[in-house]
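Here is the structure we will look at, set down as structure tokens.
Order of writing sets the chain letters: A, B, C and D. Residues in each chain are counted from 1.
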Amino acid sequence: MIKAGIVGATGYAGAELARLLLQRNDCEIVGYGSKSFVGETYSGVFRNMYKYADISCVNDNIVELSKKVDVIFTATPQGFLAENINDEVLANSKVIDLSADFRIKDVDVYEKWYKLEHKSKNLIERAVYGLPELYREDIKNARLIANPGCYPTCSILSLNPLLKHKLIDENSIIIDAKSGTSGAGRSAKIDNLFCEVNENMKAYGIASHRHTPEIEEQLSKVANVPIVLSFTPHLVPMMRGILVTAYASLKPYVSKEDVKKAYESEYSNEKFIRLLRKNENAETRFVKGSNFVDIGYVIDKRTNRIVVTGAIDNLIKGAAGQAMQNMNLMFGIEEECGLKNLPISI
Amino acid sequence: MIKAGIVGATGYAGAELARLLLQRNDCEIVGYGSKSFVGETYSGVFRNMYKYADISCVNDNIVELSKKVDVIFTATPQGFLAENINDEVLANSKVIDLSADFRIKDVDVYEKWYKLEHKSKNLIERAVYGLPELYREDIKNARLIANPGCYPTCSILSLNPLLKHKLIDENSIIIDAKSGTSGAGRSAKIDNLFCEVNENMKAYGIASHRHTPEIEEQLSKVANVPIVLSFTPHLVPMMRGILVTAYASLKPYVSKEDVKKAYESEYSNEKFIRLLRKNENAETRFVKGSNFVDIGYVIDKRTNRIVVTGAIDNLIKGAAGQAMQNMNLMFGIEEECGLKNLPISI
Amino acid sequence: MIKAGIVGATGYAGAELARLLLQRNDCEIVGYGSKSFVGETYSGVFRNMYKYADISCVNDNIVELSKKVDVIFTATPQGFLAENINDEVLANSKVIDLSADFRIKDVDVYEKWYKLEHKSKNLIERAVYGLPELYREDIKNARLIANPGCYPTCSILSLNPLLKHKLIDENSIIIDAKSGTSGAGRSAKIDNLFCEVNENMKAYGIASHRHTPEIEEQLSKVANVPIVLSFTPHLVPMMRGILVTAYASLKPYVSKEDVKKAYESEYSNEKFIRLLRKNENAETRFVKGSNFVDIGYVIDKRTNRIVVTGAIDNLIKGAAGQAMQNMNLMFGIEEECGLKNLPISI
Amino acid sequence: MIKAGIVGATGYAGAELARLLLQRNDCEIVGYGSKSFVGETYSGVFRNMYKYADISCVNDNIVELSKKVDVIFTATPQGFLAENINDEVLANSKVIDLSADFRIKDVDVYEKWYKLEHKSKNLIERAVYGLPELYREDIKNARLIANPGCYPTCSILSLNPLLKHKLIDENSIIIDAKSGTSGAGRSAKIDNLFCEVNENMKAYGIASHRHTPEIEEQLSKVANVPIVLSFTPHLVPMMRGILVTAYASLKPYVSKEDVKKAYESEYSNEKFIRLLRKNENAETRFVKGSNFVDIGYVIDKRTNRIVVTGAIDNLIKGAAGQAMQNMNLMFGIEEECGLKNLPISI
């Protein structure tokens, strides 16, 4: 039985993690951490879990919590974990961080984009970027996982084969991403009200979104050259799902077959990645409620560009599901355990 | 390994059944029956099931199918099963019918409301109404299950304790029900287009909806007096979920405690029914994706009426999940098997 | 040119009023009152009005405002106007109040349901209930209008002919109402977030909603007997619209023709009320964006009940449009002026 | 009084045109043309227009219709008008075509992308592309208007100043467009059902959408060099609105000020184009229900790309509103007549 603590359990990612963990027989949630709902029953906050999580939320001290659990999940605001973690915590328990604190290796880049001083610089090197499709072996031995961002997960996996196999012009990448509203979190802001989000489509954070450097750092490693790209997120009037539409110029002489081989060589053994069939492009509904990444692409001969579409459920493969996938790897459990649900498209 | 055939697999209820069955290790779907998509890959029709259901749809003959499977699920138009079933089918396999053909014992009532001649009158008596909370023991021994309608499931379970315990005036019942759009099926009709359904609220089938006699027949049995009631369904711009708001006049001297006892005595051992806490009323999101029935109520002293709210997922407890619950009972499997997912509220 | 001030202009009702007034040539908005957005450009808060309302919001003093305008609209929290109005204000300008402060004549009922002490009891009698279809002549001469609530507008107009013509049992009335989310206002509450409202259906305020006594008081006047009824509002995942489904038992010997005559005699001259055709029931989309009230009904012979459906746009006929209709009457302008837009159904 | 006939009045664009025309005092709709609803009351098909359009739909012969009206609007399938128009029609009445038949001057391009033989090649030269911001003077004298497509309207107006003023690399243009579902039309297709569209985001027609050559032809004229670009439309779970996110590389030495001047010099006198303020980007809700085009942009110094966002209401500026704007110009009426409604954002 794995004992788990969730810090920041009353946001959407934390609640999704609770839901996934409660469905397993081999995990036990020891505590539901929250700042805003301390003392309230967890299932009073998320009534879908009534009868399954009827204990009260607590405002956890991470050091104390680490003594009681095997793994801590932190779904907390930026800076919180860096400020509260230390060697003792990591000696006591494993930590899977759903915030951005340990995702970016270049601390100057982190501090510039997040406008925060990093309070645990010394631990950055120990953190493993928790994208199993790229870092599976490292994850197995990690004590501290930086669980990837939702947009980066979908963007990196969509473009990885093209860059690794050097099929596209590295300076030509444009990622136009669309996200459901759960990605904006559960805080009470006018911008997130039903009447402000519904029947609307907008871009936000153009040329300034914090997931940009995370995507660039990872894709630079894959490509082995520095990547600078355009990333534009959009808010869609739906609850879950990220769709990435990525554009890049193919290098000369790259054939359709080259592209196909690149994707298949990287992903044909990946259980959670589905390379779509001919004439199929990714749609968010077909991954909703699952840990799948669906990827399709079209080669446009007129422009010599490739248009890749990738879709994930932002709360699962983009957050809680990937965290659980990492947990499975870290504890030597079958990687798909607890993540076998098929997408619930309607 | 239970071998199952789904006839009418390309509607929403059939697809939900496929999704639920594919998630189990002890079931195998032998055939996906369809009229409109014969020859097409099932996962081409429902791309969420890609990699899990990549075989082609077939136009099944029920007699032939019954020789190959342990259980047939029919999610077919009214009249289809009555026209195609016979003793041989029932000798070969069990049948769980998600259509209305065998739900109503009074065949005159059936023929009047459905405007159809019933083609297998002789089998009506052999059919068991598949509402486990009322007919669990009969279901265990049945060969033919009439899986209840979505509105009836929610309405009957919401009102059952009040009538059984004789707490309400039997002539005072009004059921105002609200359903997500998946209840309208997957046929290509203008009325069901996104732009016709979205941002709209309407009643339909006022005083004439076919689920009325089904609710009345079952509640009459429970109450042991004939029940005639008002039932008004509404279409809500959402995909899943039924909310029933039921009104009835309390009999004189009925106390809050009497009501509480009635619900608890009927349902406290029911795994899929959750009697809500004080000040909580049913909301469809809190059962979405699960087989739960959530029930709450308010007693209005000013009018001496009780207002009961009940919520189900129309595709699960209202269709495929209940069918699977019946299958479990019929095959001696744990009743909750394959139905343990918690609601996916967002 | 009518000079108008809007106090509480940054809520949804206030913004709708601004939008409607800005479309007219004979009105000028002198000030946009707000507590939360003082100093911000009004069109920065509501960017749909960019180029048309680019002045800053102010925190108005009502007495001072009354010296500068012909009419003040207050779309403010309960209690605000009662606390700030006085004879001087009414001497200076006309006032149309979109809050509930002056809707209920029985101040004890008001204070009990609203849990507030009324601070201007002496002005209650001077206020006219601003439902033109019932009080048109009084409105023409009023200085202070209590603009009706959204649910009451739809409920009262739907049931008025049946009660006035004594066709239904006065004790049998049940109003099951459904509202779009703009009715919940523009405040930053978790309950109103997109991810909490979307794909959900729920009742709220069962047996306790504050619009109940308003409906009862008005219907009691119409019926000339005290009316006590059940009123249950529901929240629908859409932005605009109220649908009322009202149930009542017909008195003996009441015919279909009696009902038809009652509705026609009350409403055939009303420009904003549309009595629907045979087999048509009210749907919110068909009134969206307009000041119309659509009314249909079905007589259920099995139960001898009538089921009435009424639909309005809660922000127009249920708030800002009705306020403008009242303004037109008070200033001797054509009643439909500024309200001639047809519903924008999709 | 302008007499107008609408052919194809029972689609969404036709219905929007009817709604807009019915709100005017100086226009009269002589006939509602339809193939599928002949004999049905128009307001029975679109019940929002009840009391205003209660005459029956007819299956018009265009030649006969042209004798009775001043202007014919055709909102018909591709190829229909080219097959039915002739010199006599144009001698009798003006024609504003909302289909694509006369939008593309290069008939080979038309026939290739639309996979149709053009049946009125001789009339292509007489047609004026009905984008008033580019062709205002030509429109005033035209007998046949090719009303632009929805995506082209938004795309062309968003990029026009950058190309005209030679500020961007002509080979670098990528248009990622997002549309509400009304753009998919009112035909009964499974793909457009509520449960297929809602809670989903997808691209479609990647590298093959028919609006691509229309955008390219117009932008080539503006730029005075041949433009080949990437255009990817997406379907958004909302009813109305198009958002264009366009990417292009700035030419060397282009400053922020150059960009600002280009937009202002082209659009500062355009009543329907709103250049957004600093830090504002286009959102579809802020133009919904209006004829506005909102345009914003961000210059990304890291990539030296400009990201332009443009928003329109696809049924108004993208179809019926623009058609009415063209009608106003053709009949010497104030260009904004009938189009002064402010956006109805919620």
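General remarks:
The definition used in the following text is that a contact is a pair of C-beta atoms (placed from the backbone, for glycine too) under 8 Å apart; a residue touches a chain by one contact, two chains touch by 3 or more.
Note that the coordinates shown come from a computational prediction; the quantities given were computed from them, not determined experimentally.
The set of chains touching chain C and also touching chain D is given as A, B. Using the average of C-alpha coordinates as each chain's centre, C ends up farthest from chain A.
Note on interfaces A-C and A-D: more C-beta pairs are in contact across A-D.
In whole angstrom, the spacing between the mean C-alpha positions of chain A and chain D is 39. Chain A and chain B have Cα centroids separated by 37 Å.
Rounded to whole angstrom units, the spacing between the C-alpha centres of chain A and chain C is 46.
Shown for chain A are the residues in touch with two or more other chains, namely 12, 182, 195-196, 198-199, 237-240, 283, 285, 288, 346.
Residues 12, 181-182, 186-190, 192-199, 237-239 of chain B are the ones that touch chain D when the two sit in their complex. Residues 12, 15, 19, 22-23, 44, 46-52, 182, 199, 239-240, 274, 276-277, 280, 283, 285-290, 294, 315, 340-346 of chain C touch chain D in their complex.
Of all the residues in chain B, the ones that touch chain C in their complex are 174, 176, 178, 180, 195-196, 198-204, 206-207, 228-230, 232, 234, 236-241, 243, 245, 247, 281-285, 288, 298-300, 302-303, 305, 307, 309, 311, 346.
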